[in-house]
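Every chain is named by a letter (A, B, C and D) in the order it is written, and numbering of its residues begins at 1.
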């Protein structure tokens, strides 16, 4: 792998009319690197992902710089982008049933991605598609190739989606909540598969999720988003053991885990009070201050920026020390 | 809630005894009999006064069917569902009314749980009006709002003016209005934001403690159920395959389905240790 | 281009995106134009009950085939000297009566059938919907012809034919709208606290599908006007002394031939009114659509 | 399975035809009263009415008459006209060379205009070009088909004198003449139907373009236009085909009207004159024929749907 990053995002804004949904997001995923982008609904994580793909819904505009494959994605025409989508940059969506074309056989859908980008004939593309399906450890690959999406299970469909995303050895795969729509017992299998496939190919991974354990299992670095901004960023092992932003801390604390259960009803799950502010009603200063136990006047007035260093947080009163609770090692 | 209801007794307040439920499916082939799906196969399940029990399983394991039987909107093909020891299917109108009032439910998607064209105040009064419960309705509304942590301004508003977490509180408030003995919560937090889930789970636990409510919590996530309840039943292919204390289920899962569910739980700690996907 | 539909994304895209604003602007425009055209039509039809410049059936041999703009006869006269403006005004009455009549009766019947189908068991549902399918395969004009052949033509027959033609469509639309509402959690909750089917349909389902009902009524009102004028044009709708825009065209063509300028006015009247109602319906659809309004206000 | 689906559709087709035939039969007997009296008019003597009733078997029980009618229909015997004694089947067949090309060409024209126009309007929704198309089809929907016919003959017939404003030159007299007399009617019918069809196509395409699988196609490198044509349209075909089935009823109505506007002696002119003359048997049989035709088209549409949508093939 070369030293060129899989993607480098600088000061990304996504605007819709008078409102700004993503407010100055910057991050870099090195070649073969894996980053988790964590946030709740409305935090702007999915819009960030769609900006990278150049697939924002009509009416939304991305501003800033997204360097990928030696070019600024935001400056490319749709045709130029189309040549990269699925080849150097691909995406796995949340709901695999609605994301696959219902009237085409699965094999055809995978093969058409290969044909489009590799310029091979349909026989060759079919062969490659079959071998991809085999690599996805799908049972009876020939039958899967001839099946329609509705004939497969949820986990099988998501494997097919991953096969399509991997077909051309992209530099970066964006996975947007890839297991949320699946049955719990299947989630881990799919994550394992994605993990291996990404490792084997040395692809970069951007994992979009609200689920912290998934990020911990899959990623090296994590960026936590709140109300359109990254509030904390750094190596997973550090952010999740010694969070500096009170929001990250709150998220980690409020996960019910096996360790809480030993207490069996005697303690309360720590929770973040209040609710996520709507985009058109963002509080002044730090957007998190109304829910923050450490907030003071400065937090209400001035919005903090991400500080420097490898462990960055956007907070006037960052936490120190490691978590002593039961949630992290 | 009056004191006599809270009295702990070993008699289950709501129970399913040997219930079986089948559905007819569409034919797959022309000249075959319509296949029958056995959604529930001789299932026993109960909840005692003031107890919080959990029901977990993958989709298709039969937990939704069991829920529908327990709340009485479906009747089993065999077996009985009993409320306070009495067969729900053979109740007198009087007892049936008491059953209706005493078993209430909170559903998954809070946005869909409230009629968008009905003010929250009206929606909260609905159970009292429908069940013709006498008394000071306004006072009851104030009490319940306090219990779920909402203020009275909410009453004049419409559902679209609230966030998901607030709507789930309102839905819980409505379920509490007729002073039920049993609250059935079907995936009450899976549609909510992570930072809100803990709030709602805590609220459910407090209600059990403070009101002596019985809670049946249905979820696919073992850790959510385990945190809130003291006894968990695991379902797989229409049967309850294992029942036990959450901590025991986690540490010594007996049935394969339980093991699968325990294995499926991801934690931050395992993730950082690099063992999550091993 | 895909529209700003973000229902499958976690991001809450603000409703005021430019595309939505544009769509909002267009639907506001169609609402206004539609409302204006429809109001003019209603006013003319209502005024004609009390006042028309001339008796539309009164021949006047001295003033035959007067051109547009003649004093006292703004839209001219026909081959027998009858005032066109008055005929147009009285024709509006028929359009209003038949259009509203057909759409309203069908709406009532379709709502009953649709709600029954949506809220009953599979057998009732299948019976009603297959019945609707059968009726839908009978072209409306064929029904009208059969009725005209048997019970004779007239406004009543036309309304009856429209009812038979519209009811199955209404039934389908109402049923599918009601099914969507019936799947909501608040319906389950209402059943749990003891509300019966009639209450749930009346208090929860109908208010939530009222928008659909209003829009459909408007659109079928327009179709009713088209069908009525067509039947009168064919000579199996209303006939004198009643008046219809289709009938004016029919007479103009029969008496003067295809080149008659008289053919313009009734045709234009139909286009404007039908266009007005359709624009109104579309505008209302967008205004009443909660998806476009954004759920958080 | 597919066979199951086909058989179910066939069963519905047969059942629907039975119900429709009973409906028509009963409607005509019940609403029309004494058929013989209706035919002969108010001044007829009771003896004449009875004689006619006996001659045509109208004095037999309804069930017998119904069976007689249906078995006749199946054997191609559609009954006779009271007045002229002509065979209804012959009458119908003699009119088909006018009505069938008119309706067929009108439908084809409508499809040829509507699918590209609707797709274009959907592709450019939110831009002026798309809005313009949408507005044109909105106006087109408001135009009654007879007025479209009148306007076209005013323009091309009267003003420009290019084409006949009405009347019919039979095929065996002059093929060119027959085509010439059909051009304006087909145009009027096709344009008006294209308006509502294109609007429907626009909605269907817009709907499909918002689906996740179109986004997937784009995310794997398909251009906007390619995704529209290779993913969007095949999926939009399902609702469009359904709508085409419903449009057949509108097509029949339009044909009836257009034949009148252009004085074409087609099937509908025959029905209209028989309606006026209260020839109930002729009306009853021809109407039934039309319904059978519409139901048959809908059957074909349903089967086509089953072929197009793999989900139906399995679900049955």
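One rule holds in what follows: a residue touches a chain if its C-beta (ideal position, glycine included) is under 8 Å from a C-beta of that chain, and two chains touch if they have at least 3 such contacts.
For clarity, every value in this text was computed on a predicted model and none was experimentally measured.
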If you take the mean of the Cα atoms for each chain, which one ends up farthest from subunit B?
D
Return the chain label for which the distance between chain Cα mean and whole-protein Cα mean is smallest.
C
Please tell me the distance, in whole Å, between the geometric centres of subunit A and subunit C computed from their C-alpha atoms.
49
How big is the gap, in whole Å, between where the Cα atoms of subunit B centre and where those of subunit D centre?
54
Return the distance between the CA-based centres of subunit A and subunit D, expressed in whole Å.
53
Check each residue of subunit D and list the ones that touch at least two other chains.
126, 212, 215, 224
Residues within subunit C bordering two or more other chains
1-3, 5, 8, 19, 296
Sequence positions of subunit A contacting 2 or more other chains:
40-41, 58, 95, 98, 210
Per the touch rule, the subunit D residues reaching subunit C in their complex are 12, 15-16, 19-20, 24, 27-28, 31-32, 38, 123-126, 131, 138-139, 141-147, 150-151, 153-154, 157-158, 165-166, 206, 209-210, 212, 214-215, 224, 246, 248-250, 252-253, 256-257, 260-261, 271-272, 274-276, 278, 280, 283-284, 287, 290-291, 294-295, 298
In the complex, the residues of subunit A that touch subunit D are 53, 55, 58, 78-79, 82-87, 90-91, 93, 95, 98-104, 112-113, 116-117, 148, 150-151, 161, 164-165, 167
In their complex, what parts of subunit D are in touch with subunit A?
126, 211-213, 215-224, 231, 234-235, 238, 308-311, 314
Contacts from subunit C onto subunit B in the complex sit at residues 184-186, 188-195, 199, 204, 207-208, 290, 295-297
Over in the complex, which subunit B residues touch subunit C? Could you list them?
71, 73, 97, 100-101, 103-105, 107-109, 111-118, 123, 126-127, 130-131, 160-161, 171, 174-175, 178
